[in-house]
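Next come two complexes built around chain A: one with chain B, the other with chain C.
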Partner chain A sequence: MTDKTVEEQLMALLSKSLDAGTALSPQTNLVGDLGLESIQVIEYLCEVEDHFDLAIDEGKLADVQTIADLACVIKNLQRS
Partner chain B sequence: MMKATIINNILPLRNADFATLVDALEYAAQGEAGYNFYDGRGELFAVLSYAELRIQAKALARRLRGLGCKRGARVAIVAETEPMFHRFFFACQYAGYIPVALPAGFQLGARKAYVEQLERMLDSCGADIAVAPESHVGFLRQAVERLNLVKAGTPDEFDLLPELDCELEPLRADETAYLQYTSGSTRFPRGVEISQHCVMTNLRDIAVHGLKITRQDRMVAWLPLYHDMGLVGFVLLPLGSQLSADYLSPRTFAMRPRLWLKVISQNRGTISSSPPFGYALCAKRLRLTDQDRYDLSSWRVACVGAERIHPEPLRQFAHVLAPAKFDPRAFVACYGMAECALAISFAELNVGISSIKVDKEIMATEGRVQIPSADKADKPEETLTFVDCGEILPSFEMAIRDDAGNDLPDYQCGRICLRGPSVMQGYFLNPTATAEVLSEDGWLDTGDIGYRVGSHVVVTARRKDVIIVNGRNIWPHDLEYVAESLPGVRFGNVSAFSFADDAGTDQVVIVVESRETNPAKMRSLIDELRSLINTHFGITCHIDLVPPRTLPRTSSGKLSRSKAKQDFLARSQNVIGAAAAGAHG
Partner chain C sequence: MGLLDKFDAARQTRDTLCALPLNPTDVVIDEVVSATEAMIHGRHTIMAGTNNYLGLTFDSEAIAAGQAALAACGTGTTGSRMANGTYRDHLNLEAELAAFFDTPYAMVFSTGYAANLGSLAALLAPGDPVLLDSEAHASLFDGCRLSGADIFRFKHNDADSLASRLRRLGERASSALIVAEGLYSIRGDCAPLAEFAAVKREFGAVLLVDEAHSLGLYGAHGRGLVEQEGVEADTDFIVGTFSKSLGSIGGFCVSKHPELALFRYASRPYIFTASPCPSVIATTRVALRQLSTRPELRDKVWANAHHLYGALAALGLELGPHVSPVVGISFRERETAFGCWQGLFNAGVYTNLILPPAAPDGGSLIRCSVTAAHSTAQIDAIIAAFDGVCRELRVGRYAAR
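This part shows the complex of A and B:
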C-alpha cells in the first residue's frame, strides 16, 4: 500500500462527516482548519480504527495535527 | 484464559466501616473480588484482585520508600484506566505518601496544552514523584523538565528500584488520603485535599444510604479515574464494600459506547454511573439492530450526576434500551463534588427520575419555586423542569443561603452550603482559594445554586460560571486567557460565557473587543480565534467581535460576565428563552 493511498482513504472517511465540497488535503489541520469538536474527532478515529482494523495508541494523538500526521501513525502501526 | 473476578464474594459484607483505605484493602484482600480491565474491543486484558493488589502495592511501597522522600510526599499518577493506577495509588497508602491523579489526555494535536496542564498540576501540588504509563510518559518527561522531582518515569522504571527493608507505616485516619484536582480551571488548578476519615465517611454514606450495597452488586465504569466519580465511585467504593468492578477507558466508551452495555450485560453489572451526556451519547450511537443483543435487567442503579440533569436524554436512553430490558426506574439522580470526596445526595432507589415543573418567570425574577398555573403548565416556554437530587447523605448538614449569607426557606433558590466530616480539608497549599469557599466554622459554599425541600436538594444551576460541553467542564477564565493570547486582542477585553439553547445544550460565546473595522481582517481574526479555541478545548464557539468599551464593567472595572451575556442575548436575534433562567443562577 503506497503512502498516498492511506491519506486518500483517510480523506474519504473524513469527507463523510463534513459538509459537501469541503476541500481536503494531506496538510489539512483536523482541528484548526475543520473545526471538528472532540466528540467528532473521536467518532472519526473510531471509523479510522475500524477501517484499517488497528488500535491507535492515545499517546500518539497529541502530536497529530494534519491528515498526513495521522497517515504516518497508521503506516507505523501497519508496519509493526 | 483470563477470567474476571467474581460477584458473589464469600467474604462477609462490610460497607466501608474502616478507619483507612489500607484497612479496607487488608479486609477486601481476604476475599476473591477485584478489578477487571477491558480494552478498546471490549476484551478483558487485565485482572487485579484485591489480594494481588495488596501484595503488589506493598512491594511497590517499599520501592518508593527507597527514594527517601518525606512522609506526605506527593506522588502524581497519570491516570490511564490500567492496573498501574491502582497499584501506585495503594502503594502510596502503604508508604505514607499522598497520591495525586492527573488527567490522561487524548485530544488531537494538544501536546503543548496537555504538557502545560501537567506541569501546572505537578507544580501546584509540589509533586516529588511522578509516574505515567508508556503511552503518556513522553508528555510527563516534558512536563517535569523545569521542575525538581525526585523521580519521574514509567511503572517499569519504578519496578527496577530496590525494595527498602523497612516497616511500612500506612497513612493514618487523620492523614490525607489523596489529592483530587477538581474539574475546575485548568489554568489555575486546585487540588482538593481529602483525609482518610473524610473519604471513609463518604464511602460509608454512599454504600449504606445512597446505593444500599449488597453482596449481589457488581460495578461497571468507563469514567476517567482522575475524576471524583471514577476514583471515589469506582475505585474506592468497590474496594470499601469488597465488590468487583469492571472498567472500560473513557476513550473506549467515547469511541464505542455500546461496549459499556456489553460489559454490564455479560458480567451482570448492577451499578454504573455517568454524567447525562454519557447516556445521550450511548443512545445516539447505538445501531438500531443492537438493542436486543444486551440484557440490562441486572442494572439496578444507573446514577446520573456531575452536571444539571435534563430528563429528556434519559427518557430517550430508556426508550432505546427497553428491548434490552433496561428499567428506567434504575435511574438515580445524584449530586456531588470532589470537595465532598464524591457524593452529597442520592435520589431514592427504584423509582427513576423525579422531576418538577416550575414557573419560569417567577424562577427567573424571584428565584422561587412556583408550580405553574394551569394555563402555563403545558407551554414549554413558560416552564422549567428540575430534577430532585434526593436526600442529603446523613453525615452532611445543608443550608441554602442568599448572597448575604442568610439561610433561606424551602423552595427558595440560593447557594448550596454544606458542613460535615466529608467536606474537604481545603485546596492543597492554597489558603486563598480555600478561604473563598470554606468558612472557619466548616461550611463549604459549593457555588452551586439550588433549593431544598426538607432534607432533599434540587440543583438548578451548577457552578455559577462553568460551561459544560459533552460532559467536560470548561471555565470561562481559561477561554478568555487563550483568546487574550492572540495578537490583536488585549488583556481584559474578552468575556466568555455560555447560554443554554432550546435543547438545553450549552452554547459557548466569546465576546472580544477589537479596534479592527476592516471586514476581511475581522473575519480572519474570528477564524483564527475559533481555530485556537478548538485546538485548546475541542469545542466550537461563537465569536462576537465588538468595538472597544462595549463590554460591561463593574464599578471596580472588572468585567461582568452575567451582564455581558445579557447584552449579547439582547444583541443577537434569537432570544433564547432558557437563558433568562440560566442568568438567574
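This part shows the complex of A and C:
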C-alpha cells in the first residue's frame, strides 16, 4: 500500500463527516483547518481504526496535526 | 511565545461569552431557596439544571448531622488520611458503602473527580491497555492519562466497537481495563452494560463502571445501572460521587477485589489530598441511608422524568434515546440553543447550556434535569416555559414547514 493510498483513504473517511465540497489535502490540519471538535476527532479516529483494522493508542497521536501525520502513524502500525 | 500567551485563546473564548446578553458559564446564584428553587438576577427561578436527583440537599436529617459533625469535629481534617490520620467516620462511611453495594471493599475520596483520577491512576500502569468510551467523562480520561496507560477509544455505547478493539489487541486484551459510565450526564443515555459485560467475559478483561449519575436512580436498591442490568458479578470496580444523588461532595470506589484496599498505597491523588471534612462525611452518610430506605424518592424522580421527557418529545424537540432524569435537547444551530436557553432563563427556568467542545456530538445542547424534590406544578412550569420559547423561536413542532 503506497503512502498516497493511505492518505487518500483517510481523506475519503474524513469527507464523510464534513460538508460536501470541503477541500482536503495531506497537509490539511484536522483541528486548525477543519475546526473539528475533540469528540469529532475521536469519532473519526474510531472510523480510521475500523477501516484499517488497527488499534491506535492515543499516545501515538500526540504529535499528529495533519492527515499526512496520521498516515505516518498508520503506516508505522501496519509495519509493526 | 511567552508562558502566558497561551491564555490568548481562553481570553478570546471568555470575551465572546461575555459579549452575549447573558454568559451561560457565569450565572451567579444569589440565594438558594430550596432544592429546586433559587434567586438569580433578582428572579425566582426553578432549578432544572442540577444533579440533585433525589433532592436531598435540604434533607433536614442530613443538615442536622452535618451541623453536629461541625460542632463535634470542626470544619476540616487539614490533611491526608495517610499522613494526618483517618477519622472514625471515614471508616464508618466506607463500611456503609461496602454494605450498600454488597462488596467487601470500599474507599472514599475527597471528590468524584479525585475518585476517578485516583482509582485509574492506581489501577493502571504505563503500557497497560485501557478501553475508554468515546464520551467518557474528562475525569476518567485524565485518570487514564495520569497512569501512563495506552488509551484506546471505542465508539460511544457500542459493544461491537469495544470487542473489535480488544480483538486487535491480541494477547494484551486479557490484561485490558474497560471503562464506561452508567448514565451519561449530557444526553441522558445509558450504557449497554450487559453487552459490555459479555465482551469483558469473552476477552477476560476487567470492567470499571462510573455510576456518578446513575447512583440512586437505577436498580432495585438504587445502586445504579450495574445493579439494574444484572452485571454486578461482572463489574470489577464501581466508582461514583457523593455530589449528585447524595447532595454533598466526595467520591468512592467499591470492589470485590482485595487490591482496592491497596489503592491507598498506590494512588497519588488519594495520598496527597486532604480527606473529606467531617460535616461532608456526616451528610453523605445520612443521604446514603435515605437513598437506601426511601424508594419513594426514586419513584418520584422517575415520574418527573417521564413527565418532562414525554412533554418535550411532544414539542418535537430532539431528545436523547432514553427516558432518564437527564433530558438532553440537541440543536443543530448554536444560536438556536443559546436563544432557547436564554428564553428559558428569562422565563424563570435554569437549565444547562452545553456548547462545543463539551457537547457529545460536537453540536449544542440544552441539558435539563429533574429531581425527586420537583413538584408536578414545577415540572409543568418547566414544560410551559419550553413551549413558550419554542413557539417564539419557531423550534420543534412550531418550526416553519
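To be clear about the criterion, the second predicted complex is superposed on the first by the 80 of 80 C-alpha atoms of A that agree within 3 Å, B and C clash if a C-alpha of one lies under 4 Å from a C-alpha of the other, contacts with A are read in each partner's own complex, and residues count from 1 in each chain.
We take it that a residue touches a chain if its C-beta (ideal position, glycine included) is under 8 Å from a C-beta of that chain, and two chains touch if they have at least 3 such contacts.
Nothing here was measured: the structure is a model prediction, and the numbers come from that model.
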Chain B versus chain C as contact partner of A:A55, first or second or both or neither: both
Partner chain(s) touched by A:D33 [first = chain B, second = chain C, both, neither]: first
Partner chain in contact with A:V64 - chain B first, chain C second, else both or neither: first
Contacts of A:C46 with chain B and chain C, given as first, second, both or neither: both
Greater chain A contact set [chain C / chain B]: B
Contacts on chain A seen with chain B and repeated with chain C across the two complexes: 36-39, 42-43, 45-46, 49, 55, 57-59
Parts of chain C lying in touch with chain A, wherever the complex brings them together: 129, 134-135, 150-155, 161, 164-165, 168-169, 356-357, 359-362
Chain A-touching residues of chain B, taken from the complex the two chains share: 39-41, 80, 104-111, 114, 134-136, 138-139, 251, 254-256, 281, 285, 469-470, 472, 530-532, 534-535, 538-540
In the complex with chain B, residue positions of chain A that touch it: 29-33, 35-39, 41-43, 45-46, 49, 55, 57-65
Chain A residues within the chain C interface of the complex: 36-40, 42-43, 45-46, 49-50, 53-59
